[in-house]
Amino acid sequence: MIVNMSASATKEQISHVVERIQECGYQAHLIQGAERTVIGAVGSNGRRAEIEALRAAPGVQDVIQIAHPFKLVSRQLQQRRTIVDVGGVQIGAGNVTVMAGPCSVESGEQLMETALAVKAAGANLLRGGAYKPRTSPYDFQGLGVEALRLLREASEETGLPIVTEVMSETDVEIVAEYADMMQVGARNMQNFSLLRKLAILERPILLKRGPSATIKEWLLAAEYLLAGGNKNVVLCERGIKTFETATRNTLDLAAIALVKELSHLPVIADPSHGTGIRTLVSPMSKAAIAAGADGLMIEVHPCPERALSDGPQSLDLPGFAELMKELGTAPVREVKAA
Amino acid sequence: MIVNMSASATKEQISHVVERIQECGYQAHLIQGAERTVIGAVGSNGRRAEIEALRAAPGVQDVIQIAHPFKLVSRQLQQRRTIVDVGGVQIGAGNVTVMAGPCSVESGEQLMETALAVKAAGANLLRGGAYKPRTSPYDFQGLGVEALRLLREASEETGLPIVTEVMSETDVEIVAEYADMMQVGARNMQNFSLLRKLAILERPILLKRGPSATIKEWLLAAEYLLAGGNKNVVLCERGIKTFETATRNTLDLAAIALVKELSHLPVIADPSHGTGIRTLVSPMSKAAIAAGADGLMIEVHPCPERALSDGPQSLDLPGFAELMKELGTAPVREVKAA
Amino acid sequence: MIVNMSASATKEQISHVVERIQECGYQAHLIQGAERTVIGAVGSNGRRAEIEALRAAPGVQDVIQIAHPFKLVSRQLQQRRTIVDVGGVQIGAGNVTVMAGPCSVESGEQLMETALAVKAAGANLLRGGAYKPRTSPYDFQGLGVEALRLLREASEETGLPIVTEVMSETDVEIVAEYADMMQVGARNMQNFSLLRKLAILERPILLKRGPSATIKEWLLAAEYLLAGGNKNVVLCERGIKTFETATRNTLDLAAIALVKELSHLPVIADPSHGTGIRTLVSPMSKAAIAAGADGLMIEVHPCPERALSDGPQSLDLPGFAELMKELGTAPVREVKAA
Amino acid sequence: MIVNMSASATKEQISHVVERIQECGYQAHLIQGAERTVIGAVGSNGRRAEIEALRAAPGVQDVIQIAHPFKLVSRQLQQRRTIVDVGGVQIGAGNVTVMAGPCSVESGEQLMETALAVKAAGANLLRGGAYKPRTSPYDFQGLGVEALRLLREASEETGLPIVTEVMSETDVEIVAEYADMMQVGARNMQNFSLLRKLAILERPILLKRGPSATIKEWLLAAEYLLAGGNKNVVLCERGIKTFETATRNTLDLAAIALVKELSHLPVIADPSHGTGIRTLVSPMSKAAIAAGADGLMIEVHPCPERALSDGPQSLDLPGFAELMKELGTAPVREVKAA
């Protein structure tokens, strides 16, 4: 770490920082410039937080962290890319995995019709929300366990593994009974209690990026899962909040390319939430693949205008089939069914 | 609600939307302009979501919500301002309530020393983190139940009621045993499972605004609490994420003034997290009060440079006493101890 | 337009708004809901601003604009896509146009070496800054007219038309003497005086999106050019400012796809400024093309570590050749030299 | 500056950076940690940009600037606060300067009525737009020179000095003929050609913060003025663009407090643009003063609902008088007429 002393720092303040660095078992290297002094703190990482706290010491302008704060998710530690197996589907193995299905499970018919259609079109996993995090308490909150049962039926019928969101620590067990992959929603990315509970499962996790999470925060949320023992983590970029209101979120595809540099974990894109606009799902799906995404998560509904959630961004069944056909012939990278 | 048909919408598409509006039990009012047709949907609110879903219907450009989506938190429903009683301290009664204490409870000595000092300086509540939501799994995560016990002791010694964060649904009972007011942290503002669990308590809640939450989303999170039965809700503005990096967050004081117009709930400001910089805590405290805040939450530590979290934004004990003296003579609005 | 009266609006306030709408030559359509009244204002557009000003009238909560505020740039007015001819290169004709070259023209050698290399690699236009808008007055500000002359020489040698930024109204004539295409930089997107001056030329304009410009504001800036008489406008997405600091900007590729829906103007992407990181230029170039971009603008320097500006995001000559080879075989859309 | 080598940097890459630093006339200090090497570059500032360019060298992860990039605006250089004299009104002298008037000058009557009223209420300067930067080319663009003449008349009648925006380099002379203080609008904050032209005047400048400008960028824009020779600069915070849409902008009052720490220049707040909502102008005016602002700029119109621009955020005449009365008795800091 680098401690940047302010230009007006006194000798005593500099000495104090040096002593404190040494007290923490780090070495202090002074670099004296014309205007100011900068102190490098070199050492093992155990008391890093105490060095950082020196930002609060008199005469200190800033403490700059030099190393990335994440470890287990880092490619520095593990060059080999992680492949996550979800019920036989390999995510991150080079091909593009497509997860598709309705935002919310609304009924057995709706789900089964969608599941058969997305399977026929070439999807690899079935998505569908049982527990829905909704901005308003007056909006449809999901069918809960009933939806989990319907998802399992649809999975048995189609052979598609299931990914569904778990919103609450107290639902972890029940969701784990039914789901092949458990999704942590964007709003829960920093629900550390939930992450800790999921970390002790072996079940694969889909970790969505929070709408205001930096890439660093996102990777540190994944670090909670790996540090807790669960290595089966897939990241999902789903758009961040910006001043632009023409789209629901701003899909940050450079984050996908950058995460592929920084981490060995697979990363997929969710162009449905990422844009909020049905007609943008297709171009942004192609763009995400071109940027290096390992897969896509796409909302599909038999009748979007009657969807209980996220209709405007859902493809209808022919729309999804059309997209899959286009992706299949898009030769940037191969798309194949599991 | 207003359904804005696109300029190229066909007659059939318009008819379809009208029929669908009527099917939902709403009346449809057509306004035919030169370029496009706009359809007003008038009716009760029960199937509002279905009208909104029409955004997904062919020929529809947008569905615009006219009424505020929140109800119970709204001043439209309740003109009279809510006063929340926390262990005898009235929040929202016209005076300024000051909650102060360390970011994290680190030890009995650290807490007691701080508690006595903030009490002496005129604080009304003692804050202190027992469970800490930390971006990195390698950072200090709080002392947990031990910290709750220490908070209770400090409360008995000083007479200050306690506010502390509850991060997890499974900790709600234990935190409720010790805390006078339970804080929902910024990262958990949309942890709806946690909100639902807190809604069935009577214990006062301090609901922090999420770093990327709009004012509407924040009020809807509070709506979860009121709709679930808990009316003792105090809102806390603590800064939002923006492109500006010179401060940790951007403290949005206009949000305080606007929330006071829209809602009857008390609102306080957290200038410590809102700026991340100790020297800005004092001017922003004064500014928050001038903007209409019902109180302040301020981080105080006996030795900020040794704090296990948030040292750079913590005032030391004399610094807090100085601030309180300044606030006490700032005559915009009265500051008094409980 | 829709005037949304507040729930507490009085009859007199509603009547006043209706009268004012009629005074402006619009028809007023009342929609009376249970909670509030909404008034549609239907009419020609001449006094639209006066209707909008009613937002300031008593009892009015909001005035909602229904139609897009831009006209000439809109696909509603002109379905056929605009093709902009820059010295024989057709931008927007279906193929991908690549503009490449150094951020700043630093010397004759640097420019000529780069120009020959990017020409050989298949670029269609040569870019290079003569006048540089720099955040700090102490940074290199460009060689000015000398750079323009060097660009012209490089163009004559390579046959590549030139695109270069014009920063100042007073430089419009001199830049127009040398440049085939004149770039309006991101910081000048809403320099309306400059736009008005460029609008009366016929010279093609490359209009970069401002770092905090919404898509609507960007299209309205283009509208200034078209309304002033210049139809040869190409838009360029170059990233927007967000809270994410790992990349220099957040490249908003959905904006490209959306602008292609809303407007007939060609749109290109600048992945160099859009990311600020050399290794991200290649994936984001591919992603931009997949999203529908009509071209790319890419910074190339013979020795990026000695570049006087934007070295970290510049490709070196072999890096650019490699990218062009990859794009050439990327079969999403065809890339061909002019 | 600090050059942060990546963990995988080779010895050759480190040597290369060291040599390059020495070539630029700086000293290189190596700090070798367990994981990586960090190199301090110490020296005079002349070739700073070349050190920064090393970010593009192989093996370099980042180059971190340690010193603030601004000089003349910095309190490090000049502790004494600058007081700017505008026609006899001292800005930054400890009291609060209030600039008030219409967004746009629309007519002689409108302006004179407003000028007399704001004078009577205690304003110190008259504001009024002659040249209006408007997002749409179809909106009212200002009366130009005619407005300048009307402003001068109003100034003569009331004794209030005038502040008005100059949008274009070619208007600098004509605006300087009439205005006591020349405003650089938010969209032009980084119109460096305009800044350079204004820098050679002695006329006081009001430099608005750009809607997406960091504090650093804002101070560097001011640095252009000071470096060019004009020391009479007043900064104006007017809100930044964020994801929040309930207010027009997010007024960043912490920026005011922070700029007062970093710079000796006076800073005022514009709560009208900063919020876009009339009812928020009063609380945010008080908050800005409490945060340390040296003044306020407030939009006032005799009939806001008929204003040709910014009606919704304009106070009417009694509203402004009321605000001034409240500010006058707000004892945080003194408000006095010139």
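We call the chains A, B, C and D, going by the order they appear; numbering starts again at 1 in every chain.
Definition applied: a residue touches a chain if its C-beta (ideal position, glycine included) is under 8 Å from a C-beta of that chain, and two chains touch if they have at least 3 such contacts.
Here the structure is a predicted model, which means the values were calculated and not measured.
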Repeated interface matching A-C, over half of the contact pairs identical, chosen among A-B, C-D or B-D: B-D
Which of B-C and B-D has more C-beta pairs touching across its chains: B-D
Chain whose Cα centroid lies at the greatest distance from that of chain C: B
Whole-Å gap separating chain A and chain B, where each centre is the average of the chain's CA atoms: 25
Chain centre separation in whole Å, for chain C relative to chain B (CA means): 38
Distance from chain D to chain B - Cα centre to Cα centre, in angstrom: 31
Residues within chain C bordering two or more other chains: 212, 241-243, 245
Chain D residues touching chain A - in the complex, by the definition given at the top: 2, 4, 7-8, 29, 31-36, 38, 40, 42-44, 64, 66-67, 76, 241-243, 245
Chain A partner contacts - residues on chain C that touch it in the complex: 212, 214-216, 240, 242-247, 250-258, 261, 274-275, 277, 279-280, 283-284, 286-292, 330-332
Residue ranges of chain C touching chain D (in the complex, touch as defined): 20, 45, 48-50, 53-57, 69-71, 133-140, 167-171, 187-188, 190-194, 210-212, 217, 220, 223-224, 227-228, 241, 278, 304-309, 311-312, 314
